[in-house]
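Two complexes, one shared chain (chain A), two partners (chain B, chain C).
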Partner chain A sequence: MTTNTKTATRTRIARVSSTPQASTTPSRRKKITLWASAGLGILVVWQVGFTLFAPAYIATPIGAILAIPTVFADPIFFPDVASTLGAVFEGLLIAIVAGTIIGLAMGRLPDVNRVLGMYVGAFYAIPLIAIVPLFTVWFGYTPQARLAMIVLEAVLPIIYNVAEGSRIVSATYLDVTRIHRVAWWRVWTGVVLPNALPYVLAGLDLAIGRALIGAVVAEFVTAIDGLGTYILFNVHSFHQNEAVIALIVVVIFALVIRALINLAVRRGLPWYQPVKEA
Partner chain B sequence: MPTVTEVEPMIHVDHLGKQYGERTVFSDISFDVNPGEIVSIVGPSGCGKTTLLRCVVGLMKPSHGTVLVSGTPVVDPPEGVAMVFQHFGLFPWKTIAANVAYGLTAKGVSMKDAAPRVHELIKLVGLEGFEKSYPYQLSGGMQQRAGLARALAVEPGVLVMDEPFAALDAQTRDILQLELLRIWGTRSAAMMFVTHSIDEAVLMGDRIVILRGRPSSIFDIVDVGIPHPRGRETVDTDRFRTVRDYVWRAVMHDEADDTPLPTDADAVRIEPQSHRNMNGHDHG
Partner chain C sequence: MNRRTTRHRLRVLSGYVGGVLLGAVLWQVIGTIAPHEVFDSLSDTLARLWQIILDGTLGTALWTSFQTYLVGMVFALIIGAFGGLLLARRQLLRIALEPYAIALYATPMVGIIPFLLALLGFGFWPKVVVIILFAFFPVLLNTQRGAQSISPELLDVARVYRTRERDIWRHVILPYTLPFLMTGVRQSLARGLVGMIAADFFLSSDGLGGLLITASERFDTAEMLAITLVITVIGLALMAIGRALENHFARWRVG
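On to the complex of A and B.
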């Protein structure tokens, strides 16, 4: 997991620091061309193959595109989107705050780590889908069960990264605070927290995907209104193209959130630019 | 005013010893640093220079002995003590101005109220125009200038430096040594200066504490005896060469090695306890 954490941080630093010039280099253009043609190829194979060999209700790219007006005209589609994505957003916010606090405590206070470390590790290792039925018992078939699932999924990578990252606050930084007789709470807010920020972001990167999984799975099980339920309902009623559109909305949401975070980092954390190229 | 022989030392190190578990790093270390004096600490790598410095400023508890700063026993880092670190220790998320102001803002002074002094210090260390830069945008030498400004911002009576120039290239080091002497001339802090470089120890120090042995203890305390202000030409004086050669041999001199110390040793040796007139510098 340590390797994972570090990789996540490094990719983010690299991504944030890529300059406009870098994006037009030949190798970069080649990569984009390859990426686009691969995508196009998959779509063509999917379209041709499924048209020839699969029953008509199976989703195809053209079928999905044609389904867009139907989906957008569906009065329950946008409320469902809002319901799921609103819950994911809310869950991520809760997970960031809680995960950062718990992660900092685990990273800096050995006693807390001794008590919580094992549980965080265990929860991180098991498929959390197994917990959804339990949540439905505790929370009922309610949006609260979904929110709990989202928070649980999203909070773990944040805790893990922040704990890992704040464990290694430079001893010199702490010496600086001690020699200036800085109050303990200022050490936490002024040094430990900013030092952990890159790790919060790395954890958040992983958390976005997990939060969406949590939301959709919780909806599958609880059947509360939302994108997951929308997908399930349409698949079951032979409207696979409509389900694909809903799926694409989920993907776009994930990409938009990541882009927003990158933008926020670039604007709000200018010190977070340097790339340590080895 | 008391007579010069009764000047209260700013730092009084009394029979200091430190052990890590079974292993004794140093023992029985005693010396004073007077107000406005620079004492260089030299000794082989691993002899405990960093440990000694950290014990003096209260970042670490000694196993034996005591340290007094302005006559008060040191338990935690006392008020009026500042430190400059080998790897600068600037916070990467703060601008240079905010880093320099740290000792003030961390006590609740607003950035605005700290601004005049911050501006003055940034000017003093030659970093004008870089107030809004982040540490990564500065060279190592410039970062250490900021580190020095941060230390001076709290107007310390005691300033300790742990190999402050060791991470810099030789040229930058030469420049910063003289810069530090110039800046120190505008202050009156008692300074402890740990270094690996014997030349640097002689150039910077009014006295030099030589650590040696395993566990290490004070081998000798040398009176450099070169008046201030010092400059690049200082290293070309006979006195500089005499002191440097003595310190070099003292540091390198091995127990197994019978080479006698230089005959002119008496010219530079002093007894650790002897009184010195340390108010003799003129650096106005």
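On to the complex of A and C.
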């Protein structure tokens, strides 16, 4: 508990700094060393623990690294990556368009909001993967079932964010358009839509993780080609190390897209203030 | 003025009522027109719901799922709260582990389920592990953010009065962090529910999720819709509980 005392004493000297820790922050190099050694520690514990106490087919770090050439040489791996990530991209695009339109309508037209609001709220509150069995009945065990799942998962946070965001269009802007008798469609394309843009991105940021969950669950249930099926198949045939590589690909995809969105918001839309999360 | 507000209220009310009615009528009409194995009407769904309530299927499944959910959530809360406090108050640990926590938070946890199945097998505890994995990150990260943002003034005042370390935790750090923790709990309640259904799907197939899977194998659309309806009610109730908890503790939230 002495750290607290130290932190508190030090901040008394460096009151200008915003956080208690700021004055005691170690150098960047020290941070990276710490971070890397922790990572190494986790991997060593994983490797040693699983080698000693788990069956041989359980994945280990060294096993996974050794499996990389096998995975990349596997003729079905890259088509599976393309299949899943392509479907996620397609689903996200559909969700952006549909989510923006529905969200704008809900945000700007109170009547639409009253009718649709509770359905959007209800769907947002439930674990949507519960709908997968129903989708398999409707779409069969096909890629369409997966796409439908991705769209459904991704569209809700976008609708929610755009609706919340477009509710707070500055009244001054709208007054100006009224004074100049601007046509209604130009108000929508010129004021309301640009205002909603950052909220589309904020919704998209939340949508990506959900879309990936939807895609993987749909693949687990339907066994159509894709990364989820690749993981499932390899785990079941005692090739866990290969499956780990596939899982890492999914995680990297999620992290890269989210980093790109954050970059886009910071560079392109610095004025944006996020809405409170649902 | 008065007449205008009355008319406005009427319009708001009719919007809500109309929304419900429209949904119900659409459900009924589409369900009646469509083949039974594709979609079933609201009345058939409610009849089936009544049936599975009476024969105890639903009750058994609810109880099974509820047990795993409750145990998983309790563990997620304890691990998340302690982990978050530890990361917030121990800078070395935070620098070392935070990037991994964030990366794991971004991982679609369903992808880990097959590995867990191979490692832990079927049964009660593997499911609990799945729910913990889904649910504990929001608690961890929110607790950490909260405990880390305690203003130095609060701690300084405590020090000036020579408050014991234990009392600083009890009277400053924990009360300050609690509202943040509750935000994490609200987010976790929903994620844990996703974990519960996923665990029911892909580990031992029982509980609500197992019921859904078996219904889909029989093409029993009415039962699937009935269970989905139950899950929706549970989801909304959990969200309301989460909101209430958060608002209750938000009263003394600072900043």
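In this section, the second predicted complex is superposed on the first by the 220 of 278 C-alpha atoms of A that agree within 3 Å, B and C clash if a C-alpha of one lies under 4 Å from a C-alpha of the other, contacts with A are read in each partner's own complex, and residues count from 1 in each chain.
Just so we're on the same page, a residue touches a chain if its C-beta (ideal position, glycine included) is under 8 Å from a C-beta of that chain, and two chains touch if they have at least 3 such contacts.
This is a predicted model, so every value here is computed, not measured.
Student: With both complexes superposed on chain A, which partner does A:L52 reach: first (chain B), second (chain C), both or neither?
Tutor: neither
Student: Going by the touch definition up top, name the partner, chain B or chain C, that contacts more of chain A.
Tutor: Between chain B and chain C, the winner on chain A residue contacts is C.
Student: According to the stated criteria, A:A73 is in contact with first (chain B), second (chain C), both, or neither; which is it?
Tutor: After superposition on chain A, A:A73 lies in contact with neither partner.
Student: Examine A:V191 and indicate which partner it touches, taking first as chain B and second as chain C; both and neither are also allowed.
Tutor: first
Student: Counting only touches as set out at the top, which of chain B and chain C does A:Y119 meet: first, second, both, neither?
Tutor: second
Student: Would you check which partner chain A:L269 touches, where first means chain B only, second means chain C only, and both and neither mean what they say?
Tutor: So A:L269 only meets chain B here.
Student: Check whether A:T177 is in contact with chain B, with chain C, with both or with neither, and answer first, second, both or neither.
Tutor: first
Student: So in the complex, the part of chain A that touches chain B is made up of which residues?
Tutor: Within the complex, chain A contacts chain B at residues 170, 172-173, 175-183, 186, 190-191, 194-195, 197, 269-274.
Student: In their shared complex, at which residues does chain A touch chain C?
Tutor: 1, 3-5, 7-8, 11-12, 15, 19-21, 24, 26, 31, 34-35, 37-39, 42, 54, 57-59, 110-111, 113-119, 121-122, 125-127, 129-134, 136-138, 209, 212-213, 216-217, 220-221, 228, 231-232, 235-236, 240, 243-244, 247, 250-251, 254-255, 258, 277
Student: What does chain B use to touch chain A in their complex?
Tutor: 54, 57, 59, 76-77, 79, 81-83, 85, 87-89, 91-94, 102-103, 106-107, 134-136, 154
Student: Would you pull the chain C residues touching chain A in the complex into a rising list?
Tutor: Where chain C meets chain A, its residues are 11-12, 15-16, 18-20, 22-23, 37-39, 89-92, 95-97, 99-100, 103, 106-115, 117-119, 148-152, 155-156, 159, 165, 168, 187, 190, 193-194, 196-198, 201-202, 208-209, 212-213, 215-216, 219, 221, 224-225, 227-228, 231-232, 234-236, 238-239.
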